[in-house]
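Next come two complexes, and both contain chain A; in the first it sits with chain B, in the second with chain C.
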Partner chain A sequence: MQRRSLLKVLAAGGSLGSSLLPASLLAQDGEGTQALSVDELPALEGELTLYLGRGEGGLYENVLEAIQQRNPDFELNIRRGPTASLANAIVAEAGAGLRRADLFWAVDTGAIGLISNEGLARDLPDDLVNQLQDTFRYQNFAPVTGRIRTLPYNTERLTAERIPTDVMAIPDSGLSIGWAPAYASFQSFVTAMRLLEGEQATGEWLQKMGRVAKSYAGELGVVMAVERGEVDMGFANHYYTLRLKSGKPDATVDLAFTNNDAGCLVNASAIVALSEGELPINFIRYLLTREVQSFLATEAYEIPLVNGVAPPQGLPDLSTVSPPDVNLTRLADLRPTLDLMRDVGVL
Partner chain B sequence: MKFDTMKALVLTAIFSLFMATAAQANGPIGDHVNDLQAHLDEYSEEVLWLIEQVEEIVGNYERGGLANTNPERVVEIWEEVNFHAAIETNYVPVYASIWQGLFGVRQAIEGEQPIADVRAAQVSLEQSFWQGLGAVKVAAQFQARGLVANIEDTEPTSPVETLTQIGQLLDRVVAKYAERLPEEAVSIVYDTYLSRFEGVEGDLIEQDADLVEDLEIDFNVNLPQAIENGSTVEQVRSVVNAMQSKLNRARNLLEEAEANRSSVF
Partner chain C sequence: MTRWPISYPLAAVIALITAAPIAVLVGLVENPSEFFDSRNLDLLVNTLLLMFLTVCGAIIIGVPLAIITAYVRLPFAKLWLVLLAAPLAMPSYLGAFTFYAAFGPGGEIDNLLGISTLSASGLPGATLVMILYTYPFVLLTTRASLLSQDASLINAARTLGLSLPMSLFRIALPRALRGITAGALLSALYTLSDFGTPAFMGLDTFTRVIYVEYNAFGLDQAAMLSLQLLVIVGLVLFLESTIGVTLERPGRSLTLWPQRWQIPVLLAAVAPVILLAIFLPLGIFTLWLLREGSGGFELEYAWNSTYASLLAAAVAVVLALPVAYASIAGRFGRLMDRITYLGFGVPGIVMGTALVYVGLQLPFMYQTLGLLIIAYVLRFLSLAVGSVRSTAEKLDASLNKAARVLGASPAEVFWRVTVPLTLRGMIAGAALVFLEVMRELPATLLLAPTGFETLATYLWRVYEAGYFGRAAIPGLLLVLMSALGLALMLFGERRAEFNVMEDKKS
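Moving on to the complex of A and B:
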């Protein structure tokens, strides 16, 4: 899987669906373009089958229902299930010479890697890809919304300056730390660390952390433990803290970030087109509209990945955080991560 | 239990869209559970057969004591009937009571209890069988009217539906514990937390952070400990009932929040 730089070389799929869009908004020479309004999109007509990975809450369902209501001549069949299971089903169906899904919306980009590696993902047109922020442009899938790894900390016990900006230094910080090693997003974070820092350094980091960290079943549990002052800080996706503060404005927790390492990894939900034709591509365009991206940002605290839509309240702009450059599809390689975590005794 | 009460409870249970798909203790669910109406006579005959078999076992105990009895047979007969899957896929709370009753009779005999105590356990078990048959009959009515999805359709499509499903999965925890499968019961608790509750607690924490914290403790401490410490089935059921009450509160909160949510376009 290559990013935008390779797209320029490949110049793949540039014309699909583009003729229906305003010329002023089409990509020029690989530059980014602003997200479109739904009013600028063609109506959807026909029938598609979407495989939808189980995700956070039910807000993806709200989006899908809204798209169908807006397009009375469009019928969307949805098969729901765990993301990894659906990815395996798509590969198995392809192996049997079948294609039941036209689209696959996965909550974790890693699962898309499986589809992509099997050559089942269609290339996306440039004008669609260029609506995404430049670090989220991929040739054959579209990240939809993101989530960032954060360090929630108790604001009564310490300040952000007290927290290392290097994730590798955190075990030696002298702070009490909460983590949820069984949680899928944490394991993706460890996978990113493996890719960025190597197996040995990651194994040593896990061992040190295993000695100082307190384990929780999930990352909301981590954030709540931080807020209670049970631990000074923790590891968690950003939205738990934002949602806790939304429901409890005086919560004594805030977010800190590491700098350009796995500690501030941005992972994303993503969609891939599996069948030919303009309809699947145009469906993806709806997910990247200003309206859908704003809805998911305000209602689910997810991070918009298109150009020109503000992040959820309480989260800094991604450009100020400097997340690491990791090919998200490589996060599917979980087995070595789980082996490593078991070897050092944290799982 | 009165029939109307049973009807309401079964309606709640089957409309939750929770239907077991995993392999069961006595093997996979048969296709018969997707056509309950056509098999009601069979289930009724099986209940009568079960009651006869239990009577024979208890009668043997009354006449000749433990040496004249095979108490394990009480559980074996339950494994042999299709009614087992019919009740397991439709009304898990009664399913748990049946297991509780089966082990009640078996343990009373194995413990060489007075015949009056064994007979009391037998009566309790028979009541569970009849309750179960009533629940299946109600479920069959709804299924015949096309109001219940087949067992394959299991994925909830909203946080409210997910909470309903979580409540049903907790019933299954009690059932598996009553079935003397504590490890499987704990496994369901953790799976439910990680694959279901984690997905809705983000929505819920915006509405009531304390409620989420309570449920977090229930999922990760109170319920697993009740199971692992060898509590009685009633004690485990009590923890689950308390959790289901909190889940009902959560469901109301999320329904209100959804009603006030902004539209996408």
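Moving on to the complex of A and C:
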């Protein structure tokens, strides 16, 4: 779907609905319910303030703008900032008895953990929660879109077959590797590894990696370094590679995946309701509609998490990669991960 | 005389308010058990090296440029000055990022021109970028200092046979030492607190540990580490305060008329700095703009940036005056002066959160433009204090006394003698605050009225999302608006010329 058309669809109401999706995807999935169309949602009336962890360069913006255009009696105020800063601000505001945000949309579930530990996150109704795929159902926050851990590799230097499908075997693969240990998504991945493989195996893995890997500031840097051939492969969230390729179609980088381990963890951006009432909840419903989810998938390369919307082009179906089943709230437990990474000297 | 100067109580109040965010940090530290991690010592070496090299570089580039822009009559002199100061408005993380993207094998310069360059990374890369984005501190404070010097000493030296370069070196520069160190101090503190540049260049510094903690929701740890960083800040502040002052009589400043052939040589010497600091990042962004296309930008952001920065600059200069005068008056004032600097050495993201706590003390103003301006002033007051002080402290008090003897009231002396003579310092201070606010990010994100976007916040948004092409237009506007704001302020310098010169025709 093009940007314009999302605006048009959401603004006009219209009868786009199911014609967007192949019929096979609309099948019922277990106890879950299918994603709704915007046409089935109540109109939003009133005013909300959203704290948005990071801006996504206009694409979230397009969604938010389209929701406002569709609901002329609804006013959305947006504050953007780094997720950790906004989370800290929300905690500080709550401490001062001043609530400014009705909603908090974070790129990182760790931030949600902080808010929910402070008792600031409101419960969500079941019918909303059940629209999400069954591994993404939580009582007091709604994952919006997912990102998967990937192994970007330089297509001129190697083929996907040379990359192990077991993340634990990667340090011994003899390939040169780029990573960003200070990057939050990487730390979530190490947290998942700790949960799945145990402290000791994770510590040894980090130690071996520390000897062969080259560090970068962020994962965009990793993907750029892979593309430039500074390293053979790297660790990064999927969308950096897909976006790089969309701007530079002849880029010498492609994605490989591990199988059913921390190496292909799916993490999510998530939204919490901070104030009481129906309006924030209904706003979240809009983000989980078929139209919004498929827009974010096609334009921002985010992975839709509701039932019945196709993943972005360039990514294999999640069922073929079989990501590990890790409770997202457990990824918020970062402290032991940082300690471990420091102990082995990679952070 | 036991009577305290009248500037003391005012300075004390202002300094204590600027120390409020530091007090917040102390309050945020919850368990001081792991007070110091010995592994942080390695980082300390990198941090100090980067700071030292950056300061040296900023002086080596900033001082000659200050001499050129202060004394040499070049065509379009103000334009050059404005362009040379503009890198201060460019967020250094964007500079670092484009350097990384431009240089090295596989970089944009290699791709486009086929010229292989060394990749910018590590300590050399970080130092280069930090120098390019902090030398204007030295340039502006030194220039103000040089312009407030009477040229007659240099003229005398030259009459006695000293060459021009030697007379500048032996007579002008020693008297500008306080201006140079005031700028060098700011460059040092900026380097200590910056995160983006060393991170891109793969240099491990103290700020990285702070950022990792902060982003892992360890606000208490981040606060504690920031306080540890303040130990270095304190040391630097102490060192700078030991530099002595020379008294000046006001007079007409030196003017050098270059020969025709010297003009292109001078411009060619100045050009690489501007090319690297401004045109390289803008060029890379433009390249990406052509590749990806643009969208989503509104001109309103440029206006927001500009007027918020101008307001903050004006308020900062007014508040800097009592602090600067207290600093000159005695030891207690000197201490108040040093306190205003502390906040500038704290990494921005931690400072932003501390300012949220401070702002929440004024709930009726929380997230209003007024509070945002206060936050800017709290962060950057020291920039104005340093500039005003380094110009004002050289003034010989006899002029004030003479005016008093001739019957002027203290207020009249202040407005008719002191202010005109320190106007250059005030303008330099305002320019520094203005430029630094133009690129300020964390406080703007957290404390601006909801929905208030500036060029810096927009640049951050597109950068975070990886849509670098969209940084081209706001990046260009950032340079343009900074230049306009500076031009406006430099216009005020003319007033100083009229007041000081005896003969108005020249």
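As a convention for this text, the second predicted complex is superposed on the first by the 306 of 347 C-alpha atoms of A that agree within 3 Å, B and C clash if a C-alpha of one lies under 4 Å from a C-alpha of the other, contacts with A are read in each partner's own complex, and residues count from 1 in each chain.
Following the convention adopted for this analysis, contacts are C-beta pairs under 8 Å (C-beta built on N, C-alpha and C of every residue); 3 or more make two chains touch, one makes a residue touch a chain.
Note that the coordinates shown come from a computational prediction; the quantities given were computed from them, not determined experimentally.
In the three-chain model built by superposing on chain A, chain B clashes with chain C.
Of the two partner chains placed around the shared chain by superposition, neither chain B nor chain C is touched by A:330.
In the superposition on chain A, A:299 makes contact with chain B only, not with chain C. Residue contacts after overlaying the shared chain place A:208 against neither chain B nor chain C. In the superposition on chain A, A:61 makes contact with both chain B and chain C. When chain A is checked against chain B and against chain C, the one touching more of its residues turns out to be C. Of the two partner chains placed by superposition, chain B and chain C are both touched by A:240. Touch criterion met: A:38 reaches chain B, while chain C stays clear of it. In the superposition on chain A, A:162 contacts neither chain B nor chain C. When both complexes are overlaid on chain A, the residue A:114 reaches chain C alone and has no touch with chain B. In the superposed pair of complexes, A:291 makes contact with chain B only, with no contact to chain C. Among 8-16, 26-34 or 98-106, the region of chain C with C-alpha atoms clashing against chain B is 98-106. Overlap of the chain B and chain C interfaces on chain A: residues 54-58, 61, 80-82, 182, 216-218, 220-221, 224, 240, 243-244, 247-248. Those residues of chain C lying in contact with chain A across their complex are 37, 39, 100-101, 104-107, 199-200, 202, 208, 211-219, 288, 291-292, 295-296, 349, 352-353, 356-357, 360-361, 363, 366-367, 442, 445-446, 450-451, 457, 460-462, 464-467, 469-470.
Every residue of chain B that touches chain A in the complex is listed here, in rising order: 155-162, 190, 193-195, 198-203, 205-209, 212-213, 216, 219-220, 261-265. Contact residues on chain A toward chain B in their complex (touch as defined above): 38, 54-58, 61-63, 66-67, 70, 80-82, 182-183, 216-218, 220-221, 224, 239-240, 243-244, 246-248, 251, 291-292, 295, 298-301. Here chain A touches chain C in the complex through residues 49, 54-59, 61, 77-89, 92-93, 95-96, 98, 100, 110-111, 113-114, 182, 184, 187, 215-218, 220-221, 224, 227-230, 240, 243-244, 247-248, 332, 334-335, 338, 342, 345, 347, going by the rule given at the top.
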